[in-house]
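Below you'll find a set of structures to go through.
Look at the two complexes coming up: chain A is in both, with chain B in one and chain C in the other.
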Partner chain A sequence: MQLLPFYLVCDESGSMAAGGVDAINGALPDLHDEISSNPAVADKARFAMIGFSTDATLLQPLVDLSEIDSLPSLSAGGVTSFAAAFRLLKSTIQTDVDQLKAEGHSVFRPVVFFMSDGGPTDTDADWRGALKELNESRYAPKIIAFGISTADVATITEVANFKAFIQESDNISPAAALREFASSLTRSIVNSTTSISANGGEGFDLQVDDHVPGFTSLSLDKM
Partner chain B sequence: MSADDGQDVPRTSLVLRDRMGSGGQGDVYPVEGAGDLLFKEYKNPHTVDQAALSVLPAFRQSLAAADLARLDAVAAWPLCRVTDGGRAVGFLMRRAPDRLTWQAPSGRTKLLELQHALHPPKAGTRTVPQPSPEQRRALAAACADAVDWFHAAGMVIGDISHANILWSLSPEPSVHFLDCDGFRRVGGAAVQAQADTPDWGDPLTPPSQACVDSDAYKTALAVVRILTQDPYVTPGATLRLVPGCLNDRQEDAVRSLFQQATGPRGTRPKPAEWRNALSDRGTIQLRATTPRQRPTVDTSVLDGVRNRKPIPLRGR
Partner chain C sequence: MDHQSQSQGHDLGQGHELGQGQNPHQYQRQRPDRPEAADELSTHYADITAVLRPEPPDPRRSLAAGPMPEAAAPSASPPGPVGGDVVPRPPQSRVPAALTVIPVVQAVPPASLAAAPGALGAPGALPGAAQGAAPGATTGPTGYPATPLAHHPEGAGPAPDSATLTGPSADPAAMAAPSVASAPTAAPPASVPAVPTAAAAAAVSTDATGFPATASPDPADRADPAAPAGALPTPSATPPAVPASSASPATAGAPAAPEAASVNPAGPVNPADPVNAADPAAPPGTPSAAPEPELPAVVPEQVRGLPEHVGKRPPAYPPYPKAKPSLNDGDTFAALTPEIVLDGLLTDGLAVRGVSVRGDSHRWDGSCRQDAMTITRIGAPGKELLVLAVADGVGSSKRSHVAAHDATRRVAGRLHQFAADLHQALAQEDLATLNGLANRVIATSVEDLRRSWGAGSDPDYSDRDYATTLHVLLVPSDPALRQRALIGVGDGGLLILRDGRWYGGSGTGADEAMVDTRTAALPASYGSAVTNIVTTAPGDVLVLGTDGIVNPINQEREVAERLAGYWGSGEVPALSDFLWQAQLRARTYDDDRTVICVWEGATR
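Showing the complex of A and B:
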């Protein structure tokens, strides 16, 4: 089978306590319902979830969503270590892709939906170093980054290597923006896997919204 | 709203409810105050072949009462075009009836797509109605029969796929086509450029040249995938039929047609041949199929010090 792994990487630092984690937790059942009831999509997609704050935790190891009945929830607390998130992501992706290949699957480059509602609390050298290692790793993922609330445009743009979005704080609440973030991830999983064949050698088109309601799309053409 | 006469309806006369579906080419909305009528609005109306779209409601108008009833039973057919400033921007069709739906474990109502008859059930699809072996045979036959009916009526289907065919077991096994603006007259132009669904392509026919022969190949895929409960099997592969769905005569006929489907263009078995192969009810030894047991994934995770309550996904 040709597989496309998706990693949801969520900030769950203390600032996400005010409705932020609830918004994501409330949106995950819809994501699960949409994918798990659609076998053609579920067969080709894999889903994992990482929460990060002071540390990073693999909340949901990579799984076929149609095979599980519950997902773990986010829980807010602590500071915001981007470095911890990138390091865990790198090692998890490495293990997961090797495992899937050992099982005989072909694996497309993993896709990361990253979300933060603030800036990293690590030193610049630390998080940039961890991001560089992730981007230079064997299975370097495509990263789509979303900034909520006080997230900084330059940082979100730097984290992303495929698309980046920043919340329009005048037009939408952080909670509503987080729901749109989750819907955008769901659409990306459905629309991307729908263009993948089970075995054929052809590639596929990674489908990510150009415009997400409540967000401004950021240009990644950095100098 | 009189969509039934096939006459164009102005876009400005429609009040739409919330969007209920979206695909590569269009968005689908219920029409306020119009019962089960849906509006499919094209995302790129300027790529629509106006004449090719007119052919579809006209085809329906051309049918005698019995055939018209048959068409409405097997397809969400375009009833009339919807126009804006003299150009077609979409069409009206009927919503797929409730018998073509299932209730997901979440409690939500979903369309019962062909894929749900092809993939063995897992946790997320455990509430999909499971056809008995005899019902599988009848579903496959209904599928071949419907394609044959369209071919006999001079229509090519094009994108036969796991998502564009719905099915039901009640009152009897039957199928219902969606996305019918992909249909075209034999030899005629399609409303818009059509792609094949991955895993449903005819290796010998590019989608732009869809014809009765590529439909015949895809009918072989649909029939055999239903009978094997294998969503990816293709002609040339070993045939592992669901036990008890065919008698010896039917099985011999199906094996030989499946072999024939590996042949060059023009030699694939016709949909009517599939229907005939599957027709005779005869005496069938019925055995209950046990759904394949899937590994249960351990969802307990390391939580550190926090209290991470699982989010209930079911029965909301």
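Showing the complex of A and C:
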């Protein structure tokens, strides 16, 4: 099979407690339904979910969403270790892609949706080192980063390697922004996976909204 | 729609006739209520089968001579690959032999097809090099590496490091493969089909797909290194027998041949014996219990039903066409493009079946079929060539469905103008001349097409909107000529089934995906057409396809094995069976499919 793995990497630090994780948890069933019920997406998309705070946890191992009934929930608590998230992401992707290939599948480059509502609590050297290792890894993913609430523009821009968005705090609440984030990533999964057919199986076009309601699109070109 | 209502009317008419005192089941048996039609049919079949009947008699016939309950009651037909052949195959033949027997991973040795080694690269060359049907190369690497497909999980993924996974790992000296002669201009010293070295040169253990051939070839399957390289092949496969039902397009899909009915006492419909014919629910009984039909009759149709699938689960898409474009959408061509094009022919020593069918994704989203196919004959009698062309409109290109359709036809027309020269070049294995002619044909066709599409007059015209791949196989009608010309632009291409094993494997795609390469395509995104000469042997099956079929064959072992079983069994399928087989479903392979098969050595 020709498979496109998606990884949702969600901040579930203590600051996400006030409605943040609830907003995501409330949106996950829609994401699940949308993907598993669309035949143009269901077979090709694989989905995994990582939550990170003080540590990172593989909440949902990479799965064919049509084979599970529901996604696990996020729960808030702890600080915000980007480094833990990137390290777990790197090892998970490595394991997953190797496994899929060992099963005989063709695997497209993984796509990561990274969301945080604040800045990393690790040292700059630590999280930057972990991010660098991820980006230089064998199956380096494409990363779309979303910053919510107090997230820092420069940090979110640095994490992303494909597209970055920052919440427009004046126009939208963090909870509403998170719902928009979930809708946007669902659309992205659907449209990107559908593009595999348009490319005759030769590749896919990573489709990300140009404008996500409540967010400002950040330029990745500024160094 | 019109067609549909007509068929319904026909069915209703039959039903009405059946209402006149005959068993209502009888209508399932196709024309049992019209003895005169059955007579016509049986006469027709008698003529065809007389010349088709293999000598000595095919053992399958005796196997099929027993009662076949499934033939007696159409509704009892088991799910899965129910044969629609007139002569029911024994149960074991329903299971493709390749499923268990054929080591697809192995490089296998019918050291047969003459080759020019240069373009194939020396043994040990990275498959990527062999694959370099490089758009920019004038005539370069074939794009049709003549190595057996190796299915191995490790290399299947389009990982960035896929090249590192693709080292040859088998002993080239021990193996050989059908090979192709490539256009010489890229490597002049190699331009002469150097037969003695061909086998070694072609012996690359990996195919262009990047699948490493890690399995150790079974010594029994290895070519004898001592055998004269390039010696004419002795394919173990016997030339395909054309079952009566598939003797010609005209008869394909027709219910039965007389001799099949005569060996099946439970199933035959004897127009002269309505009582016997009318009771499909009757137990199979014993042969002796059933009266010998006095007239040749037809067996009940065997319903194939929905296409089968490989793997544990079928694709998530529904297994039938759903959405279809409307004239209201503004794209007339798309709205009028049929779901399926099915074609075929039989000449002396060549049986051809071709189908172009819309893929699941287009059936789902309501796009038209963007693949196209043309099967025709060109040139004067005696120097005739079959033109078999497939094209895949590039999905992201707005008018690619028009481009693919027009390209196959326009190129066939232009080839016809040069048919005599092409035939001569092919007969003389003059690859340089052939390549020159082919590229001239492609170039002039592109000029024609661009003009007809509005280039120069339409300010909105863009070559990018009309991108399509194109692969053409030229096959001389003269059975004494074994050379076939292959002209290609873009992914997809030719595979060869020999002795149940797949060879070739151009246009893999998957391992290019990580680097986002795009296929070469007409009218503007290609350097030159890649021309090859392929020398085949009776028993070979040439499989020309778009990536919609080539990719799953290359990437899904089960698809490769199943289709090898269907098409490499030595039997030419009926058109309707071929259509059903070509639609073999595999999850995530939802592209349009176009495939033309040539059974070499099918005799009449």
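Here, the second predicted complex is superposed on the first by the 218 of 223 C-alpha atoms of A that agree within 3 Å, B and C clash if a C-alpha of one lies under 4 Å from a C-alpha of the other, contacts with A are read in each partner's own complex, and residues count from 1 in each chain.
The rule is short, and it goes like this: contacts are C-beta pairs under 8 Å (C-beta built on N, C-alpha and C of every residue); 3 or more make two chains touch, one makes a residue touch a chain.
What you see is a predicted model; the values in this text were computed from it and never measured.
The superposition on chain A brings chain B into a clash with chain C.
Of the two partner chains placed by superposition, chain B and chain C are both touched by A:S66.
Contacts of A:E103 after superposition: chain C is touched, whereas chain B is not reached.
Legend: residue contacts after superposition of the two complexes on their common chain; A:P29 is shown touching chain B, with no touch to chain C. Looking at the shared chain after the overlay, A:N199 reaches both chain B and chain C. Of the two partner chains, neither chain B nor chain C is touched by A:K132. Of the two partner chains, chain C is the only one that A:L3 touches; chain B does not reach it. In the superposition on chain A, A:P39 contacts both chain B and chain C. With both structures placed on the common chain, the touch criterion links A:H211 to neither chain B nor chain C.
With the shared chain A as the reference for superposition, chain C clashes with chain B in the stretch 181-189, and the other listed options (1-9, 19-27, 181-189 or 289-297) are free of clashes. Where the contact sets of chain A with chain B and with chain C meet, they give residues 38-40, 42-43, 66, 194, 196-200. If you check the complex, the residues on chain B that touch chain A are 104-106, 108, 110, 115-116, 118-119, 122-125, 162-163, 197-199, 231-232, 294-297, 299, 301-304, 306-314, 316. Looking at the complex, you find that chain C touches chain A at residues 151-161, 311, 315-318, 359-362, 364-365, 392, 394-396, 491, 509-514, 516-519, 547-548, 551, 555-557, 586-591. Note for the complex: chain A touches chain C at residues 1-3, 38-40, 42-44, 66, 97, 100-109, 138-140, 194, 196-205. Taken together, the chain A residues at the contact with chain B in this complex read 25, 28-29, 32-33, 35-40, 42-43, 55, 57-61, 63-75, 77, 194-200.
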